[in-house]
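Common to both upcoming complexes is chain A, partnered first by chain B, then by chain C.
The block that comes next holds the complex of A and B.
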């Protein structure tokens, strides 16, 4: 895993440059695609936003939350209500949805951080289930099981002569870029370093005077904010949302799968995971009866054959390509060798 | 309202018994093998569907249920072999948190695969198993159906059976030793293969029994296992992870609360009531009602 303290400002600039190059390339390729594949790119990018910000909590801080499916939904419903019912423009509703979801996430975090490990996972699972139920119960606001219809799309500036579908894809890719840069800033900051300390040894971190509570709370709020932004964009682009998009078993677990399959504790791993697990099954929807089955098998194969994620496989391949055959020293092995 | 209370309690007891049956298998597999088996709901679903298929082909319900339990036990072993063992033994996986996460993801994958296979075989429409018994028992305070009574009886029998296996047999001793300290158990020459087979077998069998019994009351469909397994995880946390009495008490409490909330509140708040209880228990007693305190390291 990357050590954010060792990577300098130079490393950050290089990360941003690489992300920007990828953004430009992805936008250029997207504009050549037909509407169906543009939709696949949009959904893939939204899930990549969710996965990258979720990894700040799961991979860098070490807490598995299953409430993020509901937080994603909260952002979507806030954006839907503000734009469709109160006539706010999308660009005003987007930050409100992000900040409100971040605040809700902080509240969930205050409740959940009393527990740890599997208990934390199950407590957030409970909160995620309650959230999903609330979308159903408050049908005056959310439209209940029938869904929320008629959400206005994001306003398109006149100087950008592309189709609305292409515009949606560009917006999703741009949000992914913002998320990626914000997440790399966060993990390089002092708070990010404190999060790593929480993940590695929370007692030691406390003993060293690291403000554990502030670190993990900010990691949770960070991931919730971007989940809210992703939800708001999803609502505006789809123009229709229903509670079934925000379930624990569907979306909540999907996020965990994206991050674990892609590679925990790296920021580009989750992007790879999102491409592989959301875009690929969509693109291969030819045999639709078997597509979920294929998804399950793909997930199983990934977890069994790439336990540390696709990111570790790619890193290993890159190392081999560059001719550095000697692998990075494994601290556990060094310790073993040091003990007589 | 109060005169309905005994009736509500009886209904809650029956509902809670099925939760407890599912949770018992789940807590056994988790407590002994440290596998968060999200595919457990599919054992439950397959128990119901295999019973359905055998009853539809003319078999007696109880014989069909017995056959389903045997078949699902076999499926449980296959799931363990294909889905979980490769992860436990692969070199990249240590006993740390990463392995638990991988286990969760592979359990999810296993659950999706089993659900889709069931969908391909049986389709998505809901079906019902013809009820094996229709009797109703009247008491001055409440009425209870013979089937509900059977469910409660089955839970009691299953508890006694599992307790006898765990505490009165060599195999049970091995299982308990493994759950206390896996490495020490291995050093004592305990066969991990036997322990795995027994644990997964018992767990899957309990799930299948619950599925078959509930399938005789409620409609069955390939995704029917999803909600029970989530509830069973809630039960696990309420009762304390890895504790059999905790699973049974947690299941019964959950069943009662759901019936009470649906009876005295509104039925759409039924699930919310459940999770309010969960949050309350975790805030007051984070290790669960019967759990040992987690040592912070």
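The block that comes next holds the complex of A and C.
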């Protein structure tokens, strides 16, 4: 008989292969773009990193956190301070920002221990608001409302002779690949299974010996780590950051929209959501007013016509296409039927 | 040698006394039946032993270890595993994902393959649990518990709502795992099923143990007939 638990290894290899192919294609296309569209790709990829990391928490573990925008900001400011004030190279500041933000995420998890659902969302709303205020108040460190100016860009290796703008886009795409692969590994791990259990039925999870607190903590820490990495990269390639990029009402809610529209609990759905909801309005921008309008309309259309996310539409279409083209016989079943 | 010893366990919810000092000895290696009318405290007793509800007084000893009841995670790691009266499985996930979760804290995930066969889950591995027929779902609920390789399995009305042949299949499953060395505490309203399955039976009424003995002794006792068996027959006559 087939191992009932084996499903994952093959699926994981396929996922990594598909993600790698997409990465190569996206890089190849990006190198043909002008600076404006390269910027759109960069921002889209960074938001996709945020969306994938957010999906581990919202989609797989079932916690709607509004503090994610603040964690993203924390990563950005840590990177800015370390590189601009302390002269650390970007490649050293990046992992520090990720790990420190991951630790902050774990702290949020501990603070919000025992709350769930709406209470949890409100609690993280508070944390997100406080975080944003701290960026404003500690202006000695952060530059306050005026922003943090003069963040050095990521050092570019000599063997990659592309423009700095193209380099930024390649880095953002690479970070997206790393995030996606790491998240795929996480959700397939024992911790990932524990997170699903927490999302579905916390009492049953406990009854089956799942360490609920550990699962929740790891999902938060994982999610926050990649939000921190996204923030750090954003800071380095923007050279300027300000608190308005890390608000609850802006980034915090936008992330919820990206993940819900893309399709929660799929990892790739949120990538689609990020492309559609950040990059597309930018790319189609005629005037910024219409961009916001387009954004709102897109949200409405998606939620009305694809309440389970665009990912569910795409997989249904793929299934229908496969079902018509080849009625694949299950080889295991044939074998079972052949043996007496 | 007793596996589980329950010493004067008391559980109150506000003014409601769900358990009023229960003392029971469950020997290692038996199927121990527990019956009692609605609200007698059977589920509460399982909740206490499995660590889901803290008793207001009393303690339990498991094997050689005193100092229980333990919090639910420690209870599971000691080998005390329970099922739920209202079937509980991860309804939004596939059967395979359900089993993957059970495998997380299983000391021997390889045993799940055998369970899948025994519980008739092989054909439905990729179905969402919420779409399964009721009987299959009940079996999944028990498979999740058995996947943890318990020493003591607490079954809260596993047969409720099942047709006769499904009850028989369930009985065969429980017997098979019992023969493999598991002690079972079986709470059940289906008296015939319970009497057939159990080596010993206890009757609980209004939070107190009324009687402990063999199934044959139990069926002869007037007070048991009065509080429970008689009431059941009267119910059936309605």
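Basically, the second predicted complex is superposed on the first by the 316 of 340 C-alpha atoms of A that agree within 3 Å, B and C clash if a C-alpha of one lies under 4 Å from a C-alpha of the other, contacts with A are read in each partner's own complex, and residues count from 1 in each chain.
The rule we apply is simple: contacts are C-beta pairs under 8 Å (C-beta built on N, C-alpha and C of every residue); 3 or more make two chains touch, one makes a residue touch a chain.
Values in this document were obtained by computation on a predicted structure and should not be read as measured data.
Once the complexes are laid over each other on chain A, chain B and chain C both fit without any clash. Applying the stated contact rule after C-alpha superposition, one finds that A:12 touches neither chain B nor chain C. Once the two complexes are laid over each other on the shared chain, residue contacts for A:111 go to chain B alone; chain C is not touched.
With both structures placed on the common chain, the touch criterion links A:264 to chain B but leaves chain C unconnected.
Of the two partner chains, chain B is the only one touched by A:308; chain C is not. Looking at the shared chain after the overlay, A:208 reaches chain C, while chain B stays out of its contact range. Taking chain A as the reference chain, the count of touched residues is higher for B when chain B and chain C are set side by side. By the touch criterion defined above, A:197 lies against chain C but remains apart from chain B after alignment on the C-alpha atoms of chain A. Superposition on chain A leaves chain B and chain C with their closest Cα atoms 11 Å from each other. Note: residues 203 of chain A belong to the chain B contact set and to the chain C contact set alike, using the contact criterion stated above.
Looking at the complex, you find that chain A touches chain C at residues 1, 3-5, 7, 190, 193-194, 196-197, 200-201, 203-211. Residues 36, 82-83, 86-87, 90, 92-93, 97-98, 100-102, 104-106, 108-113, 115-117, 120, 226, 230, 233-234, 236-237, 241, 268-269, 271-272, 275-276, 278-279, 282-283, 286-288, 294, 296-297 of chain B touch chain A in their complex. Looking at the complex, you find that chain C touches chain A at residues 50, 52, 72-73, 76-77, 81-82, 84, 88-93, 96-97, 99-105, 109, 112-113, 116-117, 121-122, 125, 144-145, 148. Remark: chain A residues 62, 64, 111, 114-119, 122-123, 125-127, 129-130, 133-134, 136-137, 202-203, 248-249, 253, 256-257, 260-261, 264, 289-290, 292-293, 295-297, 299-300, 303-304, 307-308 touch chain B in the complex.
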